[in-house]
Amino acid sequence: MSNRWGTGRIESFSDGVFAIALTLLVFDLAVPASAFDNLWRGIAHEWPSYLAYLTSFITIGGLWMAHLGIFRRLQSANATIMRLNLLVLMGVAFLPFPTGLMAKAIRDPGAERAAVVFYGVTLLVISILLRVLWDAIVQHPELLDPSVSAHEVKPIRRASLPNIGFYVAAIALALLLPQAAVFGYLAIAIAAVWRARGDKSPQPEQAQVA
Amino acid sequence: MSNRWGTGRIESFSDGVFAIALTLLVFDLAVPASAFDNLWRGIAHEWPSYLAYLTSFITIGGLWMAHLGIFRRLQSANATIMRLNLLVLMGVAFLPFPTGLMAKAIRDPGAERAAVVFYGVTLLVISILLRVLWDAIVQHPELLDPSVSAHEVKPIRRASLPNIGFYVAAIALALLLPQAAVFGYLAIAIAAVWRARGDKSPQPEQAQVA
Amino acid sequence: MSNRWGTGRIESFSDGVFAIALTLLVFDLAVPASAFDNLWRGIAHEWPSYLAYLTSFITIGGLWMAHLGIFRRLQSANATIMRLNLLVLMGVAFLPFPTGLMAKAIRDPGAERAAVVFYGVTLLVISILLRVLWDAIVQHPELLDPSVSAHEVKPIRRASLPNIGFYVAAIALALLLPQAAVFGYLAIAIAAVWRARGDKSPQPEQAQVA
Amino acid sequence: MSNRWGTGRIESFSDGVFAIALTLLVFDLAVPASAFDNLWRGIAHEWPSYLAYLTSFITIGGLWMAHLGIFRRLQSANATIMRLNLLVLMGVAFLPFPTGLMAKAIRDPGAERAAVVFYGVTLLVISILLRVLWDAIVQHPELLDPSVSAHEVKPIRRASLPNIGFYVAAIALALLLPQAAVFGYLAIAIAAVWRARGDKSPQPEQAQVA
């Protein structure tokens, strides 16, 4: 029982960070007073903000579901998991910054490429951190819930975690077509929410079925 | 037991989003420094902000009570419920944006109609999502708490969920009389909080009694 | 068992609102860039902000402790308690607005009186709501934890709830000496935290002893 | 059982404050629209903001881990612990203010010394408060979990709490070399997260081993 934490407060603290990061995104939505003459057009004109909002909201939602999927298999945490979890949360809490930047830079030919790549790299780093977190757990099977059997670990990994390859491809796309890449990020986020599964024992053949 | 989530973290995550969205509303309240010469008048002059604040606060409070009423009948969640819940939370987290827009646009003849309709449509969408969530639960009675009997499902739906018809009527009113429609939204919110009930087994004849 | 809520999610939702309102207060603290030439003086010059911050932080902390003291005696909540709790939370979530106003208005002879009275009235209203909440609970002894005996109700009320009379006196003082009244609010907040007690069964003669 | 609180809501309230303070730090990150011509350079130019963000994020993360380490040894809280915990939370909730100040003042020769010292003093005060909190607990062994034996108290203290001496040294360094001192604060934060341990019974000889 040495060097272990119960997972209760880790989960509630993490839930707090996910929920706050998600809710703070709304601060990037605004219609300038100068657009009040034709407010419907002013609202419509802010579409890059809504796209960035939607993408980040669903991304954080999917990350929370992946986090939930990881921690429900966990019985206790060691120091490494605490630190990696803190890094994952730092990425999530940081996300409103590149989100706001991307929302403002879309339609600015000189800035949108950099903003969309920067946003994608942030998502890539979070995905890698989440995967490292899961791998660190797998290396210590004594931390896992006894109901998780060894041959389930790999399908859980494949079914639960964000796909790093997709993010690399979307970032590459961002160098050519920044606006298309944003829809790519959105598609990855929707797929992550779609693929997240709650069962403790997914069978490989079921893992792709919603 | 395949493809199920426990409801504990879903509830705590959702509570977080509701609580944060509710508390962030205060950022739309401000008295400009130019009104400090006659501060009481400056405070009173901001009444559209208070009206928008009050309406959104009570609306989110009522949505939280409806959410609480739904999840207390739930034993576990499947993937569809997770996704629909995330969409409901997106609506709630988005609400501060139309709230702030409405607070600023009231008294601006060219903008108030659009702002009040936009606000109402947001509330309508959240209400529909909450109803779809409840219907998705009812289709899977195995997710419900065993203490909820089949003939209770309909009265729970009627007693717990925001009234979609009322929102349609208030949005129609907003096209003619925007300021009156805001009071309509407020009345719907107060009615929702008033009608919310904590009993696990409301009898149809009691459902309207506070 | 009709028309009752468990208190778990009410407490976690309320904790969220208290914690967020408390933490958002920091947004009223800022040193303008023009004061960077002599930053220590610039930091010191913002003392009204720190005073308002300190007062609101300790006030919300004391309200949270009073809320904790009320709900630990509660076994379940009825619809009236849900609604009154929502009103208390609305007051708490609203508090950053008069706090910021007071911080800005101190040292402005034309505005400080109104701002300090407005702040005090907000605190008075929250205190009254909290007392009404407790009285609503006492009228339904079946909601109370069985370990709370009837003769303990009054000392709990006296020991746990903010003193309404003190707020009336501080508001009266604000009409004459606004800055002194702010220190009065601070003193009331410190006294409320000081008097809050965790015991389930305070004896009247112990109630004033820390 | 007189004058005691259960620790459940204290922990969830504290988790909320830590999580919110952590997540609000992102508001100090922004790239001005004037830097959109060369956005990569504009992003890179904000390094003092990232350094301040990183330092405060890891510091709050470490404080949360220390808080978790303290409260997991606690069975119940008395009034003194409630008040000291509230003071610790006030320090944590206050931290975004000196963080933002430091981020803005770095590279301003006239302001950076004061800003970096002010930031360090805030961290020093929080560390002292956390130590006073732990000492207040140790004076009432009846509050501790029965599994914590008397001879473990000192190693827990040494292993879990932020090092006050390090902060004094970093503040002294800030008087000479402000920018170097910021890296000192960061190093202290990383060391605190590194040293935090989850075991209930650390052996003295293990206490420095991660």
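Structural remarks
To keep things simple, chains are lettered A, B, C and D as they appear, and every chain counts its residues starting from 1.
The criterion applied here is as follows: a contact is a pair of C-beta atoms (placed from the backbone, for glycine too) under 8 Å apart; a residue touches a chain by one contact, two chains touch by 3 or more.
Remember, it's a predicted structure, so these values are computed and weren't measured experimentally.
Shared numbers divided by all numbers used gives the overlap of an interface; between chain A and chain B this overlap falls below half, so the copies present different residues. Among the other chains, the CA centroid farthest from that of chain A is the one of C. Averaged C-alpha coordinates give centres for chain A and chain C that are 37 Å from one another.
Per-chain CA centroids place chain B at a distance of 26 Å from chain C. Rounded to a whole number, the gap between the C-alpha centres of chain A and chain D is 26 angstrom.
Looking at chain D, one finds that residues 12, 16, 20, 24, 27 touch two or more other chains. The touching residues of chain B, when paired with chain C in their complex, are 11-12, 15-16, 18-20, 22-27, 29-31, 33, 36-40, 43, 53-54, 57-58, 61, 64-65, 68, 72, 193-194, 196-202, 206, 210. Within the complex formed with chain C, the residues of chain D that make contact are 1-6, 9, 12-13, 16-17, 20-21, 24, 27, 76-79, 82-83, 86, 89-90, 93-94, 96-97, 100-101, 104-105, 108, 110-111, 114-115, 118.
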